[in-house]
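The letters A, B, C, D, E and F name the chains in turn, as written, and every chain counts its residues from 1.
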Amino acid sequence: MRHDGRKVDQLRKVDIVNDFVIHPEGSVLISVGNTKVICNASIEDRVPPFMRGEGKGWITAEYSMLPRATEQRTIRESSKGKISGRTMEIQRLIGRALRAVVDLKALGERTIWIDCDVIQADGGTRTASITGAFVAMTVALGKLLNEGKIKALPITDFLAAVSVGVDAEHGEILDLNYLEDSSAQVDMNVIMTSKGSLVEIQGTGEEATFSRSQLNSMLDLAEQGIQTLIEYQKEALGDLSLIVTDNLTKQVELK
Amino acid sequence: MRHDGRKVDQLRKVDIVNDFVIHPEGSVLISVGNTKVICNASIEDRVPPFMRGEGKGWITAEYSMLPRATEQRTIRESSKGKISGRTMEIQRLIGRALRAVVDLKALGERTIWIDCDVIQADGGTRTASITGAFVAMTVALGKLLNEGKIKALPITDFLAAVSVGVDAEHGEILDLNYLEDSSAQVDMNVIMTSKGSLVEIQGTGEEATFSRSQLNSMLDLAEQGIQTLIEYQKEALGDLSLIVTDNLTKQVELK
Amino acid sequence: MRHDGRKVDQLRKVDIVNDFVIHPEGSVLISVGNTKVICNASIEDRVPPFMRGEGKGWITAEYSMLPRATEQRTIRESSKGKISGRTMEIQRLIGRALRAVVDLKALGERTIWIDCDVIQADGGTRTASITGAFVAMTVALGKLLNEGKIKALPITDFLAAVSVGVDAEHGEILDLNYLEDSSAQVDMNVIMTSKGSLVEIQGTGEEATFSRSQLNSMLDLAEQGIQTLIEYQKEALGDLSLIVTDNLTKQVELK
Amino acid sequence: MRHDGRKVDQLRKVDIVNDFVIHPEGSVLISVGNTKVICNASIEDRVPPFMRGEGKGWITAEYSMLPRATEQRTIRESSKGKISGRTMEIQRLIGRALRAVVDLKALGERTIWIDCDVIQADGGTRTASITGAFVAMTVALGKLLNEGKIKALPITDFLAAVSVGVDAEHGEILDLNYLEDSSAQVDMNVIMTSKGSLVEIQGTGEEATFSRSQLNSMLDLAEQGIQTLIEYQKEALGDLSLIVTDNLTKQVELK
Amino acid sequence: MRHDGRKVDQLRKVDIVNDFVIHPEGSVLISVGNTKVICNASIEDRVPPFMRGEGKGWITAEYSMLPRATEQRTIRESSKGKISGRTMEIQRLIGRALRAVVDLKALGERTIWIDCDVIQADGGTRTASITGAFVAMTVALGKLLNEGKIKALPITDFLAAVSVGVDAEHGEILDLNYLEDSSAQVDMNVIMTSKGSLVEIQGTGEEATFSRSQLNSMLDLAEQGIQTLIEYQKEALGDLSLIVTDNLTKQVELK
Amino acid sequence: MRHDGRKVDQLRKVDIVNDFVIHPEGSVLISVGNTKVICNASIEDRVPPFMRGEGKGWITAEYSMLPRATEQRTIRESSKGKISGRTMEIQRLIGRALRAVVDLKALGERTIWIDCDVIQADGGTRTASITGAFVAMTVALGKLLNEGKIKALPITDFLAAVSVGVDAEHGEILDLNYLEDSSAQVDMNVIMTSKGSLVEIQGTGEEATFSRSQLNSMLDLAEQGIQTLIEYQKEALGDLSLIVTDNLTKQVELK
């Protein structure tokens, strides 16, 4: 039993609130334990300059934390006048992950802006951001579909993310909270689709190393956690999730 | 009747949620109509360098909007690498306003950081920030009091803020939403205490001017609106509001 | 009697030198007591991108102080690489104020750049800037008129600004110098037209509050001071002031 | 056969020049095919403020590319005034990787600065940087040892890095050059020690996904490539490599 | 005869106003033709961190132009958020030049800040800045002497600067105005002492070259112009100039 | 004899390696003693916005030092987020110098980017940069010529640069290394063509002054050193140098 009573392969309590704020095309508040992130998706009818004329869309993400999302107040990046390396890494990761399950050609020359703003942090903010952002993005694309601006929902599969790690006491564990993350020997973020395909894997020994056997155990935990997270996504998406499932079936049939 | 059915002297629906996120010493979600602001208060046990050794405390505020708090996505100030003039004005205003009702000597060499993050905007974000921040700050100071770090709650009066304006159709109106604000001829923010003392008044003709008689009508509306907002603050503060009321009574008696 | 021998309702010595430097379309050195500001007006034949195609003009202001305008040397904002909140507030205030008395449609798609550079500071630099900038702007527009680029002088009224305040010793006072400003309980800047219409009012209790009755006394002082300042402006403008007066008369007749 | 004649499991030509420039404590020019990186290690006798007094050392890395390291000239980050997200990610990665094989306690309160400057780029610059930096760092620490400032070489194992990927034509391949990297479906960087322990693994589907079986094949390729790279490191280090080997043996015996 | 009626070896009209603004320790307005620069000298009782404890003083300069010092409005460097290469070059030049005639040991651990703000530009702003700054600095040091903070005026010689150039029509010319500067083939700034010693010489062919014989003719012109400028400095300095002359005599006698 | 055994008029060992890295149109590694600079020339088929439509080309230079080019590690300018005054001066100097020997009209609307990256510094980095950049630029223009994009090599003369100075012990000396530069009384950089025409001369007394006779001796040394440097350039350029020599002959004949 972990310090918060969870089993090694147990996710924290997950909650996904749809239509959280009124202005964005897609807006989600995701809670994973005490980690809470507002994920907003905006659709802009053009792409960045370097992509113009290619007939393809783009997905870009920004990530930020409120100063008191954390135990100690952190200085705003706008006050410092620059974005930290950590923030940049996370922003790039979120955008890259979502692009893996969107047919950018079918999206057309549009940009999807994903804004992930952490209002309360307790570990796993980047994976919660990805899991929530997938829902917000799908809702936003659903609106495009309803408005007849695209012919089909250009999403090829569900996508969710979770952290796994290695802990001195419990070995491989799923979904680390801040306390666990701080003392873990290995920390790994895994992003997968509902078919179990890997989209991104980032594993780091914290002044430590890990074996391939530990890597495999962590991937097993992640795979199971992600399947559960995708169930929560489906619930939040309602009927829209059926279209994604339908897209998936068609791909399998094509093969 | 205004476009949203309100009378000229009517506030929008107000809601103040206390203890909104877990880490800050004081945390409030204030809603004024569709305007929603997270107001967090943090207490730091030291003052900025320019104030050290004076035996006084300090209150400083930061204000920001999520990119999709607005109808159109606005670029993050952290991405632009600098803070806009509008943001700076608002931050300075919030800090100055709160300092007017806190006994900085009694606070001791501490800094209260106020973070106002607008998650949904529909006009009046700066006044909602001040009204919400007063509650968050009072809660944070209440914790200092409970922990025995200060001997008395160093708050001398309630403080709230509201916008008033002049409209071509309805004349002077209270609590403008975004649509009204965009077309108003005059826009004024008023910050007052429960005793009806003015803390700050900022009135601006938008490519227009206003008379002293219009100024007086706007101040009448503001005064009434602020009294109502203070009732909401009292409700959110519960027993803590009694201590502030008590502080007020003592001051009157002293005089 | 105030510390410099003035009465409570007395302005400092005012001097407005026209054609101060040779390059700008309008160039004024205004002195209000020991406060000295160079106010230059430049006319550019285009508007900022966000206004193109609207057939209207724009007025924008920049404000700066020489490092040794002040008693202690202040660091240049160009060296710090960013503009302070105070500077931004003042710049926005100057631009907004001047726009209130200019018919932007009649100006056409042109930008008036106002540069206020304080070479010596002793309180009231922002109000002196506005009072001087009005003259520089009018001279610049007068040149446009002489060159036949506009058909009429697009200025609807005179405009001047003054500070008022509340002092522990003298109560409400007019035109505070630096020493008075530093110890004032209330500090208010008032911008008015010759007709007595308010353009902007910004009153702030400095860790203090003020009553509506004090507000009214301060406004009375400001109104009288501004009428005097407008007399100085008329003198500096010479014949150009007659055109502004003429514009005013026509507006009254129209009503 | 790959487009440059290599087999799928074949590294490019590797060359490690020791003592490349004269000033740094450790200085290496590493070439991996056409990728050339100057890796310099500097030792500073203090640690960053956040680590002072902990009796531990620190390793930090900076990474940059000359503007014409690339086919098209890239703008200098110093000219843009900010460091890109890509650069920050790489810098953080290099530092983290090296810290995994250094006993920071034994290093004492010192900082090792690693500067990786790419003078010619053809894919794999971050992995070449890590492989070269390990040598430069070891040389620098060897000097500390010779000067008697530390009692033992605080390096626990050899460390090298390589990229692997999945290619539409050849499947899993080792050590991608720029052309291969641009068209790869999956791109993964692997950092390992001589014992085959994983220090970091970062695998990304480029608008694609990958299976766990593909992951395993890539890891097999990486492991073999890294063993070869470590042989080059040993050769460049000469006698110093014997001390690292000795450190390794002792650890095994302790267990 | 040059386009403004001057002979090739003739300076423009020079005017040096002492005590121009009230706050700085030394304050000068220098006019050289239509070029006008406010030169203020401030004395700070400490040196920059890199010089502490050496028992020596430091002189540092900042240079700026008002936006409408020029024919076309130039953007403020504070608005751009960075200082141009041209400004940096000039600032470094002014500081370096003045340091050549000050005994920094005798100055003690103090910094002299020189602020040169061009209010009207017509060529030769950097040389006018140096010539004016020498006077402002001497006045400021004279105050230190009067206050007994230093025992002797630590100035070893007079110092002035002038531009010379080569013109297609007139050959070598002295003291170029903006029009001449724009079309000159060679542009050279010369800084000299009253003894005729060179402190700095910067000659540049503008997409052209120059011979050593032209260099010598230009130096002859400069030497004569600088002697005249020093006479203006002496006049502005009054009795203080006698102390500098006295310092000079003593040095000669020592030799 | 100087501390490194050289005579006062003796250059350090010079070496110019052509085709140093593969991507740039021209790429040179120049060594002057222990000073080593990579000089890359890139050709872009457009000019900066301020020059468009003039039918002329442009040459711009950037200069940087690797952090450990120096004895002590220097902070990267990209990390500081701004470029130092020293770097700006050098960049401007390199670009200006090269423009003096290129026929910008004949170049057409193209920009030549010169990147000088110092990998090892021991004094004279700016002069070595210019001498090496001339070769890299000529090689790059030679490629344009070979590709038939220009009809003739638009270079009017050879160009090289050297430092000279005045030393307490040896008087005037040629080509100062870092140690000599640090203690020199006068430091001068001279840029000349093969015809002995001056392109730029920058002489500075370091808290000292110099006479015109010293200036002349330094120029004599520089002239001789530059002729030798041009011999090295010719050798590195091979046949291309004949075209430059031919250009020179034609110009003489024309006159």
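Note that a contact is a pair of C-beta atoms (placed from the backbone, for glycine too) under 8 Å apart; a residue touches a chain by one contact, two chains touch by 3 or more.
Note that the structure is a prediction, hence the values are computed from the model and not measured.
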In contact with chain D and chain E alike are the chains F
Taking each chain's centre as the mean of its CA atoms, the one lying farthest from the centre of chain C is chain D
CA centroids of chain E and chain F: separation to the nearest Å works out as 29
Per the C-alpha centroid definition, the whole-Å distance linking chain B and chain D comes out as 52
So, in whole Å, the Cα centroid of chain A is separated from that of chain E by 61
For chain D, residue numbers touching 2 or more other chains are 81-83
When the ring is traversed from chain C toward chain E, the order is C, E, F, D, A, B
In their shared complex, chain A is touched by residues of chain B numbered 21-24, 27, 34, 36, 38, 40, 42, 44, 62, 64, 66-71, 73, 76-79, 81-83, 87, 113, 115, 117, 119-121
Chain F partner, complex, touching residues on chain E are 82, 84-86, 88-89, 91-92, 96, 99-100, 104, 193, 195-205, 207-212, 215, 219
